[in-house]
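What follows is a pair of complexes built around subunit A, which joins subunit B in one and subunit C in the other.
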Partner chain A sequence: METLAALTEDQRDALQELMNIAMGQAAERLALLTNTMVTLSVPFIHPLIREQNKLSIPEHLRRRFMIVTRQSFLGELRGEVFVCFGSMGADKLAELLGYNDDGPAQQEELMLDVTNILSGACISGLARQVAIQVSYDAPSILVHREEPTNALDELNLNEHLAMVLEIRFEVQAHQFSCDLLICITERTAGVVIRAIDRLLYEL
Partner chain B sequence: MTDNKAISRETLESMLKAINMGVLLVDQDCKVLFSNHFMSINSGRSAQELVGRTLFEAFPELPELWTRQKINSVFTLQNFAFTSWQQRPHLFNFESTRPISGMVRHMYQNCTFFPVQDADGGSLGVGLAISDTTDTAARQLELTHLNELLEEEKSAQALLIARLEDAQAQLLQSEKMAAIGQLAAGVAHEINNPIGFVCSNVNSLRRYLVDIFALLDAYEQASDETHAHAHPELAAMRDKADYNFMRQDIDELLTESVDGLDRVTRIVKDLREFSHVDSYEWQLADLHKGLDSTLNVIWNEIKFKAQVIKDYGDIEPIECMGSQINQVFLNLLINASHAVGADGEIIISSGREDGGVFVEITDNGHGIPLEIQNRIFEPFFTTKPVGMGSGLGLSLSYSIIVKHHGRLTVRSEPGRGSCFRAWLPLRQPLVQAHLASAVEGS
Partner chain C sequence: MKVLIADDSSMSRKLVLRSLPESLTEDIRQACNGAEVMEAYHAGLVELLFLDLTMPVMDGFQTLEALKREDANVVVVVISADIQPLARQRVFELGAAAFVAKPVTAEAVLDALHLIGVL
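Let's look at the complex of A and B:
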């Protein structure tokens, strides 16, 4: 089985490049949609971080997230995107997305909207690079904690993970940021590796 | 089915119209291009009435700004967008699809917005697929409601269990105290008899000795020098026994013994008074007597620590369970003696107030920190080191006073000392007293 566990340095560079292009396109589309300056960080790639079948959260991500949403992407490339919010959720973006009243249900729906838009932009960007089609299910709230503790610790992720991409999303004008974890299953990671190899071959 | 040409446009359209979920197609300006039967049946408007209008004319319940932004994002990102019945239960204002059995009035919906492309791959519009989730939602809401009920019940039960534990602990403690009281009373009773005859024997002995010494004196005076010469062994015996010292010492020994016996008698009396074997029922009792006997019982514990100042007022006997009230005094006095440092002072005062009497035990000890003042009457709450205090003394005292329809309150200033005040009514309410004594009696 092809996994991302043993990537050569060339493959890793190529993957990074692939992701950079995908995220660049995603940022462009998000900026177009929201009419504001949008920053997507350069993706940080962790190949295969697994501890007793559990996703081990990188140390620098162990901040006080209170709400984690999720959305699956399905098809030749399968996996889930997790979006980590602070206590305010995505409230800062309410106006931008056409929300005008605030209640707990609205706050949740807004976060789900943001999750959908971000994962759609990022995964579609990646899918376009490797020339495949993906579909999505509806996003949902995975963990919602009242206390400011690390909600990520509660995740029990046992699918064999091939790759975790970590991306920070920022809208500076609205003082908003959140973190995305894109987890691709081991079984479908081959699609990405073959695309990398193709890319390297074409060079 | 693989041959697309085999299926006509009309067939596809009629399938879309017949499918049992809402299907809409709108252009970028939100004008309705297509609407199927589901939408007509549930909105009560025919397809002709809906097509050609904007979404907001056709369905005025839709929030315009939000919907436009949603459709715009689908156009721009060429990506799905979703709404869920949980956050936005009724996107379209349709009636419930469980009109008879359901408890809900409106249809719950999940909705997917998806980009639709024309034959050349260009953006044609945005499709809306609306699925009816009323059944799921109704079930889930019912479950949520049940869950809440269960949680409520659970916390109520937890509260009950905690109360039960308290009650059990208090029962245990009061049983222990009762057992100690009975033991003390038993010991007192057992000691009382021998002490009684020892006392009377010592008194008789004293009288006999007085007589014996008088007799000896008489003998001494009666014997003259010739008699002394005739019996020199008498003088030798007298010297050997150190007669003069013995006479003097016997007196002292007897005085001390009588003193000791007095003390034992008093302790026995106090023990009986304190344990009040007979007083597990309501009777009139003199609180000052109770205070004094309690003080005597714990005198050894207090005497080196604090000076006790009694400031008794004029109070009449009250209706109470003497041994229990003594238990309260004991707890309060011991706590006070634990609280004071060098130059400790414990003031016991009493008086009449509000148709009852009060007893105050004031110390000049370290006081009680403000943040725990409202917790000190809780069972198991203690500031003493592990093994030193059970944390039950004050809670037990509190429950005893409450059972007597009185009040136990505390004023305390950290660093200055504490004042515990027990107020008790002169008489117990009639029914309560009978009930309580019946319970105690059983």
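Let's look at the complex of A and C:
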């Protein structure tokens, strides 16, 4: 956790701003897809805290997530994106996209499509700004619970993941929201931070 | 001209500041959220406002709404990463004079300032 512990206020501010720009691009894609306006949160960055191999869930994420999808990204920037949907996530998403058939298979396909769009735009947006290359694995459903619960409790995390960037996307008119947890490995977090240092130096 | 740059990111504020011509940096201040913008406005310190949309405490949309409610005589250039078409439309409805998408460049800021007649 050396890199993260050493993050200065300027580095954290710069990373947050780069993420803000990346999530703006993701929101635009979601907005075009759903023909709505997406409300963006201020991105939140913090070190990943584990209890054994589980994510120690911050208080503000202690909601009833029932579906969590995941998508890995590889290359000079490595890690995983987890997209967390609430109990009505699939129904609201189907409504937003104008789907009528809400069978389980279609719900999962919708979740995976949205995961692909949001994580692709966020990670590519970040990578582009720090001039590095990334590629993606296919997204998958990580947890799908029938009972209202916090599916994040079931996350088993790769021990190399170190940093979390949290973003919330919200479509108020349709009461839809999802939270993205972007987890970056310790080693490649260093690549991002070195790129940020170059940006700050040029200011 | 009294200029205020409002953004919760200090890096972003520096980038905007660096983009401005010298004539606009003689009487310039910075704010981290909309509440600070309104405070500066009420103190008579804002004629030209560079405004981010995604900020804590009071965001850019709320700030534009507050300025509109007070019929404020402030030229607002929104500088934001929120590039959704509906977001752009809303800021213009709320009285913004121009919109510059982040990541900000000096060219884009100067173009916007020329377009609205500030330069």
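Simple rule for what comes next: the second predicted complex is superposed on the first by the 184 of 203 C-alpha atoms of A that agree within 3 Å, B and C clash if a C-alpha of one lies under 4 Å from a C-alpha of the other, contacts with A are read in each partner's own complex, and residues count from 1 in each chain.
FYI, a residue touches a chain if its C-beta (ideal position, glycine included) is under 8 Å from a C-beta of that chain, and two chains touch if they have at least 3 such contacts.
Bear in mind that the values here come from a model prediction, so they are computed numbers and not experimental data.
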| item | value |
| --- | --- |
| Which of subunit B and subunit C A:106 touches, first, second, both or neither | first |
| First (subunit B), second (subunit C), both or neither touched by A:178 | neither |
| First, second, both or neither for A:98, with subunit B first and subunit C second | first |
| Partner chain(s) touched by A:20 [first = subunit B, second = subunit C, both, neither] | second |
| First (subunit B), second (subunit C), both or neither touched by A:90 | neither |
| Contacts of A:120 with subunit B and subunit C, given as first, second, both or neither | first |
| Touching partner for A:68 - first (subunit B), second (subunit C), both, neither | neither |
| Partner chain in contact with A:195 - subunit B first, subunit C second, else both or neither | neither |
| Subunit B and subunit C footprints on subunit A, overlapping residues | 32 |
| Residue numbers on subunit A that touch subunit B, as the complex places them | 29-30, 32-33, 97-100, 105-106, 108-109, 112-113, 116-117, 120-121, 124, 135-136, 138-140 |
| Partner subunit A, residues of subunit B touching it in the complex | 63, 65-70, 72-73, 76-84, 86-88, 110, 112 |
| Footprint of subunit A on subunit C - complex, ascending | 8-12, 14-15, 18, 54-56, 80-87, 90, 102-103 |
| List of subunit A residues in touch with subunit C within their complex | 10, 13-14, 16-17, 20-25, 27-28, 31-32, 36-38, 40-42, 129, 199-200, 203 |
